[in-house]
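There are two complexes below, and they share chain A, which is joined by chain B in the first and by chain C in the second.
Then we have the complex of A and B:
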């Protein structure tokens, strides 16, 4: 009798379990196209890592719930080397071969611009991270959004800041053949001129240049009262190091977004002391929010290295995509997801401090805005000193007037 | 005036690196007729190896450098034996293809073993000397001195030793050298060992002064060939003069004309020289 009861009870439990509605667990592949090797990998690799970190967090928290289905994210990352041709190939491979509809990453403007030129005609959504060239979000591409503000938005704020410091003769040394660096300097110069200052020389360097002593020697002879360095972290670090070696005693301002670790591979902390970085208010431990501190810890635990300041642009993309997919209620209809992105409030999990436009993370151009900040190297760390004067609403209006 | 002197000093340091690269290339080209494109990648291997020994294993720089140079000697001989010797009697195009393949292979190995990150060889040479308004960082001073020492050592080796005489004999006339009893099978080994060691030395200098990263070797080898053409193909004194001229020209061009076009200006100077001396500054007219 006992045996019969226990058998019946077992059967009943089994029946109950079988009768439970089981949520189907699907996999949603998302793509990353970024510079994983080469000169731009200092930005691209941390971005790819950031997407993977966000995806693993989302999966650990139960995935993305869309239309009654639960999706786990799978990240497929390709190396575009920051090169337009490679990026085009990488994205084509993601769309055509891997069947990916959501593509993230994009640290570099040249590569991003190449993909942006055709993405509108694809059944896909493109989420741009660190690439700062303004024209990426002036083309009214409905299925493209960008988390990083354009370079000239920051350049204008930087120019006003440097002018307020009383500098009248600023020498520029930068990667001026790169469009967004040149636009940063143009916007900087406008603000400097308004205050009666001028740029006394625009010296250039290429991505692979490491010997900047000829340019710095020239600047030393021009009696400039400040130096502005715009360019990738590695050449910029050499400029800071070599400026000290040449005895160039000038206040040094920059636009580089490099982490402490990245600079210290090239220059000593003493050589970096006092350098300013005038950039979007990106991740810096001393200025980070709770999310930022958690991101820093989780990233360091996962990859054994501190995240670069700009890497959260990609981390934030992933959470923006998650919220947009859930709001749209579909993973198939990319147009609906793209529309949901435009209507999205800033997700709770993001690391950067976004300034919403009409309560939304992205403006009608698909552009997000952060505040801009002045960071100074003090005793081995980038220290947040103050916000730079920035007006995202006015800039968003201006952006809408451009073709 | 101070600025001109400063630019010249800046140019001599980078010119010294160009000379070492070009010397390696010119000995291989002058004696074996091989355009050894992999020289830049091999040079980067030397820089990476030194970085690995110093930063990864905590070995002092003064020990790491001879270890890397020795590794360069062995690598050079291996390249000659395994890559170029099998095609020595074949058409020149075969050696050309081998050189290209070898470049990709060494680049790939560097990437595999040392990663894609830019690395800088750590040194403790951070003093800066000021001589009459011209500043000279300690590290640059040592690079200039080391380059001068290596150039002198190589010149003495080629000019004053029996092996050096044999190398020159093979370069002048291979058949006559055979008739005079020169062992022409070992000469290429010696040449590649010497050439690769010089390349490794240049890689260490680049790694300490600037940085080593994938792709840097390609730029170096292009500059090395430019120096070769400027100085005169196969000419050792030409490589020395050409390297220094290119370094100083780049520096002066960046300082007084335009930093954006410093490479263009340096190459324009090279073309200008070749218009009047097609054999290069110190090359022999054919």
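Then we have the complex of A and C:
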């Protein structure tokens, strides 16, 4: 009898369990197309890592709740080498073969431009990170947003800052065949000219150049009173190192967004001492907010290396996507998610310090704006010194007037 | 292999290519096939100068760039219809090839290769720095698809574009075949075997070399134009020396001096790196290693290997 009762009780419990609604977890695949190898990997790889980190945090916190379903994120990352054709192939693969609708990453302007040229016609949403070429967000592509502000937005602020320091003759040494670096310098020059200053020379280097002594020697002969270095981290580090080796005694300003570790692979801390980096207020440990400090710790724990300053653009993309998915209440309707992104307030979890336009993270062009900051290398670290004058509302209006 | 058997093989390959969009369910592979067909056109041109004439030119991608930018800029600034700009791209490229080829072909062997490499670098630098015209590294976006007298066809549909590029690839392969079979083709092959002897016979070899070089450039220009209108975006990076090396590899791996070689090679240089994506950062190392091994152990390419195997099987019978 006892056995019968216990059997019945067991069966009843089993029936109750079976009758419970099953709270199954769905998986939502998100894609990353970025430079994981090659020269641009200094930006692309940290971005891919940042997306994976954000996804793991979101999953650990219970996933994304959309329309009564809970979704866990799965990240599929492909290397586009910062090359336009490779990026097109990677994104085609993500969309057509892997069925991915949300694609993040995009550190490099050429590769990003190639994907942006067709993404409008795809059932997908593209979230651009570090790629700074202005034209990416001038066409108001409805399913494209970008977390990093265009280079000229920052260049203008940098020019005003350098002019305010009293410099009148600035020599430029940069990767000037790269569009967004050239546009940074153009905007810089306009502000410098307003204050009566001038650029005395524009010397160029290529991505793989390492010997900058010819350009630096020429600059020394021009009696410039400041040096502006714009370009990728590694060649910029060689410039800073060689400027000291040549005894060039000039205030050195830059636009590189490299981390301390990345610079110290090439130059010593003494050679870097006093260098300014005039850029969006990206992550540095000494300037970070609470989110930034946590991001830095979690990233370092996960990958055994400090995050690059620009990597949170991709981290923030992931949280923006999460909030947009939840607001849209769908993972299938990409148009609704794209609209939700445009209406999104700045998520609480982001690392960068965004300046909202009309209370929204992205303007009507799909462009987000951060504050710009002056960072200086002091005793082995990038130290945040001050905000640079930035007017995102005016810039957003200007961006809307461009084709 | 008999002529009938070869014809049957080509016909079979064409049938497979025509049926391909119906056979593949994932459009990504269709995208890769379009790129491979564009590379087939470029490689057939490369084969004329490299495979049949014996001169390795490292400017194929540069000429592709001239074709791509020609069609784009003529459409943007002169308002010409896409069909016309695509048709004008090869002659535009030919003009540049004449200017480049005339001095270059005075060189022989490695020197010719180095001169063409330098020209590819020059083209790349001009495309990168002449920003007023080319928009530099940022590239040109929104390049339109073909339209006009075939408006009923939506060229944004990849299947439609695939058949369009396939038709052009068949046409260019036919032209390559006609050149090779002609007296000109025979002289080109004679130049490859012994240029001095050709000269001793009173043939002005330089004219034929120049013809092969210009023809190969026109093929590349056409490929570049098709690429630009397919991708709707171009920037200089796509037309660098690395891509010229891909064209050379397509010819070598497929089978230098054969019509089928570039067809096979073009699909390999497009599909192989994509299939190796699973290897992450080792992808390019593996790709490079496979190509080195293929070049060492299959000097006559896949077509040569197939011919050897065919001959061996026939010999056993």
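The definition used in the following text is that the second predicted complex is superposed on the first by the 388 of 403 C-alpha atoms of A that agree within 3 Å, B and C clash if a C-alpha of one lies under 4 Å from a C-alpha of the other, contacts with A are read in each partner's own complex, and residues count from 1 in each chain.
Rule of thumb we're sticking to: a residue touches a chain if its C-beta (ideal position, glycine included) is under 8 Å from a C-beta of that chain, and two chains touch if they have at least 3 such contacts.
Given the structure is predicted, the values throughout are model-derived calculations rather than measurements.
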item: Contacts of A:178 with chain B and chain C, given as first, second, both or neither; value: second
item: Partner chain in contact with A:85 - chain B first, chain C second, else both or neither; value: second
item: First (chain B), second (chain C), both or neither touched by A:198; value: neither
item: Chain B versus chain C as contact partner of A:218, first or second or both or neither; value: first
item: Partner chain in contact with A:297 - chain B first, chain C second, else both or neither; value: neither
item: First, second, both or neither for A:210, with chain B first and chain C second; value: first
item: Partner chain in contact with A:123 - chain B first, chain C second, else both or neither; value: neither
item: First (chain B), second (chain C), both or neither touched by A:397; value: neither
item: First, second, both or neither for A:37, with chain B first and chain C second; value: both
item: Touching both chain B and chain C, residues of chain A; value: 36-37, 177
item: Of all residues in chain C, those that touch chain A in their complex; value: 26-29, 31-32, 35, 128-129, 131, 135-139, 141-143, 156, 231-235, 237-238, 274, 277, 280-281, 283-284
item: Residue numbers on chain A that touch chain C, as the complex places them; value: 36-37, 78-79, 83-85, 88-89, 92-93, 95-97, 109-110, 113-114, 116-118, 121, 133, 135, 139, 177-180, 182
item: Chain A residues touching chain B - in the complex, by the definition given at the top; value: 36-39, 41-42, 176-177, 203-205, 208, 210-211, 213-215, 217-218, 220-221, 234, 238, 244-247, 265-266, 268
item: Residue numbers on chain B that touch chain A, as the complex places them; value: 2-3, 6-7, 10-11, 14, 111, 116-120, 126, 128, 130, 135, 137, 209-211, 213-216, 219, 250-256, 258-260, 262
